[in-house]
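Alright, structures below, take your time with them.
First subunit A sits with subunit B, and in the next complex the same chain sits with subunit C.
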Partner chain A sequence: MTVLPANDIVGTNKSRRPVGLLLVAAPVLLVCWLIIWPIISAIIRTIWLPDAAAEKRFSLETYQFFFSDQYSINNLMVTLWTTAVTALILLLICLPIALYLRFATNRIAAYVQGLAIFPMFVPSIILSYAFIRVLGPNGTVDLLLNAVHLPHIRSPYLTPWGPVLGLVWDNIPLTVLILLSGLGNVSNQSIEAARDVGAGRLAVLWHIILPRISNSLLVAVSFTVLGIFSAFTLPYVLGPAAPEMMGPFMQRTFRDLNDPTTAITQAVIAFGFCIVFGLFYVYSVAKNRAP
Partner chain B sequence: MARALIEKRMDWTGIGFAAVLTVVIIFPLLVVGTWAFTNVWRYPSVIPQEFGLKFWQQTLARADVWSSITTSLSLSVTVTLLSCVICLPAAYAFARMEFPARNLLFFSFLAGHAFPKFGLLVAIAGIFLQLNLIATFWGVVLIQLVGTLLFMIWIPVAAFQSVDRRMEEAARDVGAKPFRVFWSITLPQAGPTIAAAVLLSFVGTFYETEGAWLIGAPQIRTLPVLMISFINNQPVIQYGAVLSVILWVPSFAALLFARRIISSGSFARGFGG
Partner chain C sequence: MKRRSFMISAAGTAAGLALMPRFAFAEAGKIDVYFTSDQNVIDFWTNVIKPKFEAANAGITLNLVDGGDSAGVQAIAERALAALPSGADPQSDVAEGFDTRLPSGGIEAGLWVDFSKAGLSNYSKINPLALDVPTSLPYRGSQVLLAYDTTKLDPANVPKTWPALVAWIKANPGQFIYNRPDKGGSGGNFVRRAIYEATGNDPAKFTVDNYTQELADASLTPAWDILKDLSGSLFDNGAYTSGNTQSVQLLSQSAVTMIPAWSDQALSAISQGVLPETTGLVQLTDLGLPGGFTKIGVFSNGVNKDAALKLADFVLTEEIQSAVLTELGGYPGVSWDYIAADLREKFKDIVPTSIPVFPGGDWEKAINDGWYRAVAPNVDRTAA
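Coming up: the complex of A and B.
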């Protein structure tokens, strides 16, 4: 028989079921092996420690050590401070830019949007180098101040403000894009209606716009928190040697001090501080997307 | 009318943003660009005393620069190819086939994004330590491969889903074999978006610094890792500047090809916006 019955197509589809699973197996196994298993194993490794007789037993001593060690606590504090300050500055810079871009349509707006997205195409390591050349000792800002006979600035390079400035610069594009995408949900009519009943600009912002983009604000903050809490390159290159942020701290503990268990403890503590933001972020991404 | 015209001409807010952003975003990069083409620039001169290409020759004559360019390129090519081989068939399956736990598996690729990345890398490094994958080429390949999964599956899934199914059915009706349908109908339509995903994962891998530093150093030295050591230990400023310009090339390519995709709303929604 050369002509196949129509329902054979349905039949082939059914027989493809295991084929689908087979096709997705490789990346899914990779996720299980290199994301899910490391997290589980990190927790097990740090609470199930070998004692003097090499017998494994339950113990929280690595965590007790972290929270009783002043140096570790200082590092955690400077990380929390950097995260909070960076997130705040980012919102203060990006919200006005996003609001402007939402309502302007001219060529200047296109230029501003291009500039706001541009840092996405500058790797953070080039940014670090540019930062040092401009704001570092004898950098361009010093040159210009010197040329007009003004005193030197106190350079933020190698102070906690160094990573803050670098991280703000680096995170502007995604924050602007996320906020802009949220502002797309605010209709022009609702703003005009509020204006018609005499609402001022601030009132419109506070009562009409902010409630509608609160979700995007939270997503932007979550994304920033996740990114900054364990940022490595910018704090490592631009930040002070002590206290150091969690990223460089973990790296130094793991590689230079050769103490993986302590480094993994620090990683699990970082997970703990970010878990709420992380779950919210993943939930928001998943909500917008169905396979 | 007159007021509207004036408002149109004088967008002071926009001019203010444009001016500030130009100074903050473009100016630092111009300074680096200037340093790269400077032979002599001594303090306190505002402009360099002598321009020239002297340091390009010196930088390109360094063995460590060439070996890290080779390392970076072979890592990025290997990771991108592997990622294509395992992710594109999976993306096709997610877009077109029914199988058990499809949604759960689709969203499992988000798992890594619920955790701070460097902490996750340290946890992975703990496992690689037991497997002797630290400071090996394949250790870095694995860690960078994981970083490409989400992009390389989610973007192609959207691409396959946006293909017009009626055209495929029409081709099948006139007797085309499944592979022929895929090759002549599905792939040309999904191709450009998939190519953008491949480009993004290549560029992303090229600049991946944390994993390469934590897992690969000191044996596996990529360009960004070399750049860190130039920043920390290299007194000749121009080496870093020249390397920055070289290092920026793939990003510039991405800028040319991927800007449209990134400016569109769907990209930001992919980040949960």
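Coming up: the complex of A and C.
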């Protein structure tokens, strides 16, 4: 009796290929229908505008208006600023947490992990009102500082820092989880080997850990940037009246001003910035998959 | 059949079944009412209007659905608009607290019942100030007033005119805040009161169809100057909350001394303990802060359209309109002559004989966009 190798584990049998393609066809069609087509239709609606005689023609006037309107540009700038600052603070906070969770072996680590994941279960509208209670004027932090005779600090509520703090808290779980999964790739042996040849903590971090999780860092940054760029509730409740982030700005243009074309233009511009990070993500996933 | 291909075909069949169009029909005799208003209003419908209406109209029941906010009800209205050409059942009959100008094109397409032609027996009783488009039926009102902390501001010294209010805000920097005009009526009507002030305190100057670019420029620009002048003296050097509730929260945290607030919201906040007992309420006497009326729209293609029109007529009866005053803390949508005489006597000191009502429509757009562009950004927030 001879033992034959299992001949079709990886799908080399050509006759089954159509089945595999059929299986992915449903999600691909869904993505085309619900995501790709709306994008194309949005772009067409903003460049193919009716003129005075209701005759459709090619025009970039809505984009020209956006980029010549200081108010719109300020809103775009504050969105980019908020996104950059929030992503940076997130990495600075989450990387140490993830490193701790990866290498700690005691029971406290379980509680730290629970605490780090907790924000995922808090809806952002509840977070916003809690934020006003805690960090807002005469909030808990103010009262505690006052109790120990420390000076009154200016509350971040209704300033650009309000959404930043809220978004950082809200995005900690996702970032920690992605970084933690990346740190799973770092083997204990490689770190011990580095320590054996005399590498310090920073050297281990810089030469052993970071190169191995660079992919996860990229994914974490892409995910958080995409989420922050389109954030709505936290900037709406916690941010200043002006400049406002693109999320509330688009909603206001669409609903209050009843101006869908301008709102879609703003959406296409926001999409233009987000696609850069989307491509980063696709690139890093594809690079990972390459044999 | 191999197990794998069996699994695939079984999964495919299951998915196909799940994707089959599912049909649902509105029940005859059950009026679907979608609300944009808050819970206190839905409670009022549940406890007052629903039992009285169902008792008076055997066989008709009300299904009260919280649509969340106006975006939620707009989704319902868009569905009804999409169903209009095909005559399909929109599964909705009444929209409460919703501007029937939306979704755009709805009125032109005949989505909403025109109440001026619907033959309601109580239609003529409606307060003429409250009428807007004939597809909206005003049934209750409320007005913005000033809520303040009596422990920090003696009721004897509280400002009662606009100039006194401006003087007080400037003399007490950081103690006043109002919300962005599009995010809630308390700030929105404070801004509209500034527009009245800039144009000679004559509410009759603005109507829903007299909007022109020239009139808007002439009347809004001086109002923006008044508000810009105030901004540096507001809370945190010109901060604006993003809603009625957040303003109430800042007053309750004692972060500010005075806010504009809706009369019904302030009264219920005090009774629930959200605002302390020491909260004072005052209305300006030179010209009150404007108020607004909440309206009902009836879908022309709803299955229960006739019953819904009965309901619309019913909420304008003296019984319900008096209950709006006594149970809800709101103002009636009908003229005061159609309220029980004893109530008219009892509330005559509290409710002014006139509520300035600023028209919506194009004015609303111009005010919201103008405020965001002219007032909100032009303030140096970093100044000490």
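Going forward, the second predicted complex is superposed on the first by the 244 of 291 C-alpha atoms of A that agree within 3 Å, B and C clash if a C-alpha of one lies under 4 Å from a C-alpha of the other, contacts with A are read in each partner's own complex, and residues count from 1 in each chain.
The criterion applied here is as follows: contacts are C-beta pairs under 8 Å (C-beta built on N, C-alpha and C of every residue); 3 or more make two chains touch, one makes a residue touch a chain.
Note that the coordinates shown come from a computational prediction; the quantities given were computed from them, not determined experimentally.
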Touching A:N138 in the superposition: subunit B (first), subunit C (second), both, neither? both
Could you tell me if A:V276 is touching subunit B, subunit C, both of them or neither one (first, second, both, neither)? neither
Return first, second, both or neither, reflecting whether A:L92 touches subunit B, subunit C, both chains, or no partner chain. neither
First, second, both or neither for A:A84, with subunit B first and subunit C second: neither
Between subunit B and subunit C, whom does A:V19 touch in the aligned arrangement: first, second, both, or neither? both
What is the contact status of A:R255 with respect to subunit B (first) and subunit C (second): first, second, both, or neither? both
With both complexes overlaid on chain A, does A:I73 touch subunit B (first), subunit C (second), both or neither? neither
In the overlay, work out which of subunit B or subunit C sits against more residues of subunit A. B
Tell me which partner A:Y129 touches in the superposition: subunit B (first), subunit C (second), both or neither. both
Mind working out whether A:Y236 is in touch with subunit B, subunit C, both or neither, as first, second, both or neither? both
Subunit B and subunit C contact sites that coincide on subunit A, given as residue numbers: 19, 23, 26, 129, 132-133, 138, 236-237, 255
As the complex stands, subunit B meets subunit A at residues 8, 11, 13-15, 17-18, 21-22, 24-29, 31-32, 35, 43-46, 86-87, 89-90, 92-95, 97-100, 102-103, 105-120, 122-127, 129, 142-143, 145-146, 149, 153-154, 157, 207, 209-210, 213-214, 217, 224, 227-228, 231-232, 237, 240-241, 244, 247-248, 251-252, 254-255, 259, 262-263, 265, 267-273
Which bits of subunit C are touching subunit A when the two form their complex? 5, 8, 15, 71, 102, 104, 180, 182, 235-236, 239-243, 246, 249-250, 253-255, 364-365, 368-369, 372-373, 376-377, 381
Given the complex with subunit C, which residues does subunit A contribute to the contact? 19, 23, 26, 71, 74, 129, 132-133, 136-139, 154-155, 157-159, 236-237, 239-244, 252, 255-258
Name, in rising order, each residue of subunit A that touches subunit B in their complex. 13, 16-21, 23-24, 26-28, 30-32, 34-39, 41-42, 45, 96-97, 100, 104, 106, 108-109, 111-113, 115-134, 138, 140, 142-144, 146-147, 169, 172, 174, 177-182, 184, 216, 219-220, 222-223, 226-227, 229-233, 236-237, 246-247, 250-251, 254-255, 260, 263-264, 266-268, 270-271, 274-275, 278-279, 281-282, 284-291
